[in-house]
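In what comes next, subunit A is part of two complexes: it sits with subunit B in the first one and with subunit C in the second one.
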Partner chain A sequence: MNPLSSRHALRPFLAGLCLCCASIAIAAEDGWSQSQVALRRLTEAQYRQTIADLFGADLQIPGRFEHDIRTEGLLAVGAARETYSPGGLEQYDLNARSIAGQITDAAHRKVLVSCGPARANQFDEKCAARFLGRVGEGLFRRPLSANELKDAVRVATAAFKAQADFYLGLQYALVVFLESPNFLFRVETAHVTESGNYELDAVSKAGRLSFFLWNAPPDDELLKAALSRSLNTRGGLSRQVERLMASPRLEQGVRAFFSDMLGYESFERLNLDPAIYPRFNNAVASDAREESLRLIVDQLITEKADYRDLFTTRKTFLTRRLGSIYRVPVANATGWSEYEFSPDAGRAGLLTRAAFLETTSNPGTTSPTLRGKAIRELFLCQHVPPPPGNVDFSIVQDTKNSILTTSRLRFQAHTREPMCAGCHKIMDPLGLAFEHFDGTGQARLTENGTPIDASGRLDNKPFNDASEFNAVLHNDPALASCLVSRALAYGIGRAPGEREQDALTVLKKEFTADGYRYIDLLRQMTSSDYFYKLDVPKNDEQKHAGSRVSAEKQTKG
Partner chain B sequence: MNDLVTRRGILRGIVGGAAVTVALPLLDCLLNDNGTAFANGSPLPIRFGTWFWGCGNQAIRFTPLQFGADWEITPELKAYEDLRKQINVFSNFDVKLDSMTNDPHVTALWAQRTGVVPSRETLADPPTYDVIIADAIGTNSRFKSLEVSCSGQPMHSYSRRSALDINPAEPSPMALYRRIFGSDFRDPNATDFEPDPALMARQSVLSAIKDQRVAIQGTLGASDRQKLEAYFDSLRQIEHQLTLQMQAPPPAMACVVPKPPDARDAGGFDLAAASASNKIVSELLAMALACNQTRVFNVVFNEATSSLHKPGESYTHHSYTHNEPVDPKLGYQPNVAAFTDAQMSAYATLIKSLAAIREGDQTLLDNCLVLGHSESSYARLHSAENLPMITAGSAGGRIKTGLHVDGRKEATSRVILTAMQVMGVPVERFGSRSMETNKPLTELLLA
Partner chain C sequence: MYALPWKCIWLAASLGCTRDSGLLLWGSMFQNICLKWLGNCCKVAIGIWATGGLCAGMAAKANAMSEATGGRILGFAVTFFEPAKSLDTALDCPTGFNVGPDIEATLARYPEAERQNIRDNRLLLYRALMHRGPTGPNICLHPTAEPDPGFLIGQSPAQRGLNLMADGGMSGALACDHPRGTDPDMGEPVDNQYTRVDACTQAKQAKVAATTAVSEAPQSAPIVQGEMSVLIEVMGVRDSTNDPDVTVGIYSSDDPVAVDKAGRIETDASFHPVADKKYQTIVHGRIVDGVLITDFADLNLLADHAVSKLDGSRHTLQWRSARLRLKLDPDGSLAGLLGGYADWEKLYERRTRGGTASLNNAMGSVGELQGNTTCSGFYNALRRAADGFRDPKTGQCTHISTAYHVRAIPAFIIHEVPSASISAQNQR
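Presenting the complex of A and B:
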């Protein structure tokens, strides 16, 4: 497997040629004086995917990554706002040096560096430029400028001179790309249109599109469509959208989005006690996460099902380990088996599966509050205010109190205290619907010997248990509406602002009219103009307008 | 605080800047007769650290009854019985909320560390005081500061330049060891020094990256420009490390390169695992200071909403603070107290690790100021008043120790301002609104 050469084998022209057209393209399309640039920090998954796409999946990445902070409901929005701390960048420096070393080591260079001098102690400048131009383009997601390539070759030459090793020279030059802000940030460039909007240039469009649909950088064909400006035409954009959506890589993009929206980073901090739950261990947790992602991919991509049905379906995918949590037989001793829960198992939809139930629990008990909060915030995009200071919670979770045997009884205190009631009425009744499932997702009928009552109301609609709750949730307009808002925010890297409200309304209507098909939503979104706009803060815009005027004056002068 | 530079200057003088192999004199001859300063008069370096524990204390078993020097050890301070002459205990210092919302485990944490009470929607943006101190004293060491989490989580760090520029924590003793004593480490007491030729090539890499700056920067909006600035600041920090590595490190008398820790001691939410991690981390950090690798460290034993847990128990430490009834006979929450006692022991372990290293006729601890604190006092009520703080070390004889200090309901910022000034930060005031102060605790200061 030769990812780099196969990737570029598709391209008939040489890096040098490509470079020229790019410089022309960028200059002609925007003109620097009228372009606005925004930076979005590359996520760990996007970094890993880029390295795997360009150099093969066998490369080791030894360092850690910056941690994204959930903002406006998404890590992707946090990533778009954050930077690289000194300690954090040190890790990327470590990664860059390690990756560059592996690419140029004796085993990989044969595959990844297709040209080279006769002997390693000679310097082949043409080869260095060609190799670095190609790699740089892959990492920067655009062709290099002449200066960028010249600088990289200069670093390679200097390092070669010091140690008389061609590949060591390339190694140092690779670090220039791998540690560059042009790689570590997704650089999005926009220009002002006559209507005053900031529209992404074609290369930035390509990046936004492929990170949204694939969680990966643009491939050759997409970049080519950008450089030829075909992406700026309706037909050209539509062809690329259809191509990306038909690719098996769409699954990767869908998994990345839902891992973010569903808060699956909390699996890294799961704190369930195996002493209390002997059937639980890290492998179960890992399978639980995979089960839900498989179900999402199956329902939304393969079956093209109604998004809302994800919350009521009895279908799932199981391993033997998960079988022991759900107490159902799993045919295959290893790997995954498709399975349908019986109607009386109460396992209707995503929220009755181990991933949701485990990530919203205490080490040895459920937490109806955390479960209710997660449903409100993650699936309905509703904000639950944090508790006020100076509140005494002590009666709420005293499991040793012989009278308050169940969560419901203990949590009644929340609604008795007026200070607590306001918010807990929003959360607890939703979470209590899932009390038939313990902290690891195993079914139970009683707690401390008392039968569990899982009934309640969701915004005045009554339910008796989790299945009925999920049926109510299925028809809650906020469920579908939340997905649309989150998907758009994920794509554009910020919560939709005032300018996008009309577009959001239209999108939601279309999503409803199309039968809540996620695939259609993706197509709708990525085919529309508003998906490719840059939001420029008011004061920046004024400054920008100022610089435009002065630029014009300069031109006239 | 430029002793490193001074001594480097001396060494550069010896080797004339060109330097291939240099034999370095080993030690005490560089100190004065009392072992309290370098022979050229510059004082031994002072260092600063923070040690954070989540979910506070219970005043009834924490706060000594007496103020001043003659205070008696309380149950929650029992771990410091042998250390009481080297520490100060602070009580009656508050976070002043100015009728802002007290977001549990969040507001009082950032208010203490930045001097600004964050609003509910946006977290406080100014830098934490440890970053300001590191800017003042950390610029000549390899790492400006080192952050560690004993619960195994890189994001458990309360050190940040802004809300979007957070210093991630090393999540395990092994990660910390590799960062400090891994392949880029230069033993200050090695008799030979040969600059690694690869370092120059690495410098040229960084300078090529810096050349890309102008092309991006010109067209950025304000927030993105800040982001890029921060990125380049971080890049310069790496560049600075390379510069230091190209010079012969000044000798460090107390530096003994430690052995790699057992990778199984990775920390975690399990209380015993976190404590075991803390012990190794304490020894590694003490050596990082003694070996001149850093002047500033920040340990988070566990996060503010403590996920610490004991095997077989249904609840975390944090859950206990809210759901455990106060024992009517004891007058406190016994399960919570057990966690706090373990946390106090862990902090005492760090202090003892610093005290175990001799520098001249003093100890490393004497040349440190460590500030231990939590995000709340009575976590059951998320209380932001009477916040517990314990300092250790006398910052090279600059502050008195052995005291229980009465804050008289004033802002925690007074303690922070004192620490900043003691560490040589040229700052007159700290904090905003009711958290603002220009009054250091003069009763603590030694001439």
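Presenting the complex of A and C:
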């Protein structure tokens, strides 16, 4: 029997872990996260990537992950305000025991544990220290302190004494690592500069840089640069930025950012009515998501195109399943084919593709409101107030109404109610531009036999359909400005504060001057001091310096 | 050596223009003349032309043909493909239906003491019937090993089918005399001897359903299950109501149809024809009052079969002198008939042995009993009804006229693709 399956055996570790979690939660409540030193919970993707980087992609991770919370438009910002629930902790525990068991099983230990005693019933302390030191550094994204390593070896020794198996001893120590907040949270620490400002220390810098560009922990070279303080020099930082940006792993980081910015976690709960949309299924949804991410990577990284062109390009990548939705030919029977829509297909830009159209629809109908809201919030960084609790949606849901045959007519009737009119006026005209596409993204010219009118105005600029709308959106200064704000917030883990508006202005100006090249924005942002500085109000300095020290103590405990 | 003489460049460009402008015949003649006169220089030029070096954008064969003939390309995926059935079994079979092998006559060939045991044991009974007794050959493998027991075939003059003897089809010494039916919808004589042979045979489990109703079903199970994909491409369509000159491609595909959550085959899916030219038939056609009619051509279609798949072989459905008659419906679909001559002995093999030699008793007496038929009766009925491609030596016709219901929905047919990218050129 695997002793790790015994909850009794884990009790001491769980108790310690709970104490640790509690202290972090208290720190967060105490205003630590609000004071700009981020303590961010690893996202599921980051957790998986870390395990894959350190131990190989073949390791199974059986547990579920708690949903991340979207704050200020980003999960990455919400991650700085999250702890975990007792249910979530159970899942982390399940994952930790499973991963530790796999690392030390007979098949993996030969590769992953490079040393070992002659016989498993002997304990090799040097080997245990070497292995745990290396693995701990990878998981905590920093070298272990002497005490941390000593504690880990002590756990392995104690477990060995009970079980008489060297590898079971390592398993126990690994479980402690994998359940530690130092692994599950990205802990960023700061120091005070000569000018009196707070700045991330080099190891935290490395983590911020790596998670921003790769959505993965720092590799050995980046960590080495941090430990040698080379990362604190302009040249050293620049070398690492260029190296990370030249890596194929940059795509992973770009995908993670846009998945977050575009709210793609909504794909997990996307469920369109099969009676109304029989062509929709999970595979179509998965392809739709991948289509848009491929297009983003192609346009922004491969082609180094103007970010705004993402909203007007007719280029895309398709599978046969998506071809069936778009009713266009797809060359390859399996996998992906590049494709360019014809000018009269009305498929100009990211917003005319299945991913946006599906995630902004109701299960059985399109929703001009959801589509308009998404454009305002996701792409223009504008805030749309939530609807009041007592709204009567009966008119908009009556899709078979013989008089109000189109969405436009139904929403016009709905917005005659004064309490609804204000918000709908800023959302619906934008969403109605996409009425030529149904809830799965299939083109249509009529609804209930009535020709669809997709015309409208965006801030007084007229358009007749989605393509024209996208052309107007392309030239809206808020489009590019929103991307810069979101990217910075994503990187630093919080919405830019009042005192960072100057930096934001500079970034936006440079982004414009560079021709809206996202790749240049990434370089500019990660090479700049403000990406690593902290916006701490002067009168709080003392308090936060104290918080930092206490947080360090807590996380090491 | 490395710089092409101007003549070659000019020649290649000329050929490219010739191909683009659609004068394929001229292009072909020009190549032959050129090869003789200009030798290697021309070969290089033609090489450039052929590989598309000077003809960028010549993506698919279909596009090339479209450009050659002008007009639109309409692609279709077949969703229903099944033999035409008797239009009225009461008229076709006034004296009743065929029955399976005579169990009592077979049991009479065994000692009396064994008969009850055989009668009570299904496997023993099947084996006894297969050999018509304790020692005889497998009758379904050797249908001439017993006297022809006779076989009831359809008598009605009303038949579903196509006129295979008009427009330069079957005629003269190649044809065998047969009673021609009349299609009630078209009002013209038709040739469909296979349905006549099959008209009075009703399998036990399908006695009620085996009538015209089958032609109304929208989808065939083998197509839905991916055992058979057939594509129809109509090229050079200038007028979809009346066009005297279109080119029709009939292809097999390895790409299965996509089925939506309601169980319907999806329109506008993409398919590749199989690379083997044997399964790509190109034939001239015309559209008359919205009905596509092709000239006659030989046709091969691939179909997996539950039995033939067992030994790894693929099933080929073959017709000689076949044609399509399909109505172009306003909703963009096609519906109508395929008519043509099939080798009756191969038809017999497919019906009785799943079209494979290695499973020689796949159907045998089980099929005879369940299908209310006899292998020998069916074999001889096919032989007698065969009406095409007479063997001059024996005087026996080797093929039998057939008709199949065909329905097809819009699809994209992708031919050779020069790169990973295709444009919206053939976008609907």
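Some points to look at:
What we mean here is this: the second predicted complex is superposed on the first by the 489 of 557 C-alpha atoms of A that agree within 3 Å, B and C clash if a C-alpha of one lies under 4 Å from a C-alpha of the other, contacts with A are read in each partner's own complex, and residues count from 1 in each chain.
In this text, a contact is a pair of C-beta atoms (placed from the backbone, for glycine too) under 8 Å apart; a residue touches a chain by one contact, two chains touch by 3 or more.
All figures in this text were calculated on a predicted structure; none of them were measured in a lab.
By the document's definition of touching, neither partner reaches A:422: not subunit B, not subunit C. By the touch criterion stated above, A:275 is placed in contact with subunit B and with subunit C alike. Look at A:236: by the touch rule set out above, it reaches neither subunit B nor subunit C. Touch criterion not met for A:56: it reaches neither subunit B nor subunit C. Applying the stated contact rule after C-alpha superposition, one finds that A:321 touches subunit C and leaves subunit B untouched. By the touch criterion defined above, A:189 lies against subunit B but remains apart from subunit C after alignment on the C-alpha atoms of chain A. Shared-chain residue A:330: touches subunit C; no touch with subunit B. Touching more residues of subunit A than its counterpart among subunit B and subunit C is B.
Comparing the two interfaces of subunit A, the one with subunit B and the one with subunit C have residues 275 in common. Of all residues in subunit B, only 97, 101-104, 106-107, 120, 143-144, 146-147, 153-155, 160-161, 164-168, 171, 175, 179, 197-198, 200-202, 204-206, 208-209, 211-213, 215-216, 218-224, 226-228, 230-235, 237-238, 269, 307, 309, 311-316, 319, 322-326, 380-384 touch subunit A in the complex they form.
Of all the residues in subunit C, the ones that touch subunit A in their complex are 254-255, 258, 260-262, 264, 266-270, 272, 412-414, 417, 420-424, 426-428.
The touching residues of subunit A, counted against subunit B in their complex, run 32, 35-39, 41, 64, 66-67, 69, 81-91, 93, 97, 145, 147-148, 151-152, 154-155, 158-159, 162-163, 172-173, 175-176, 179-182, 184-185, 187, 189, 268-269, 271, 273, 275-276, 362-365, 385-399, 536-537, 539-540, 543-544.
The touching residues of subunit A, counted against subunit C in their complex, run 274-275, 278-281, 320-321, 323-324, 327-333, 337-342, 345.
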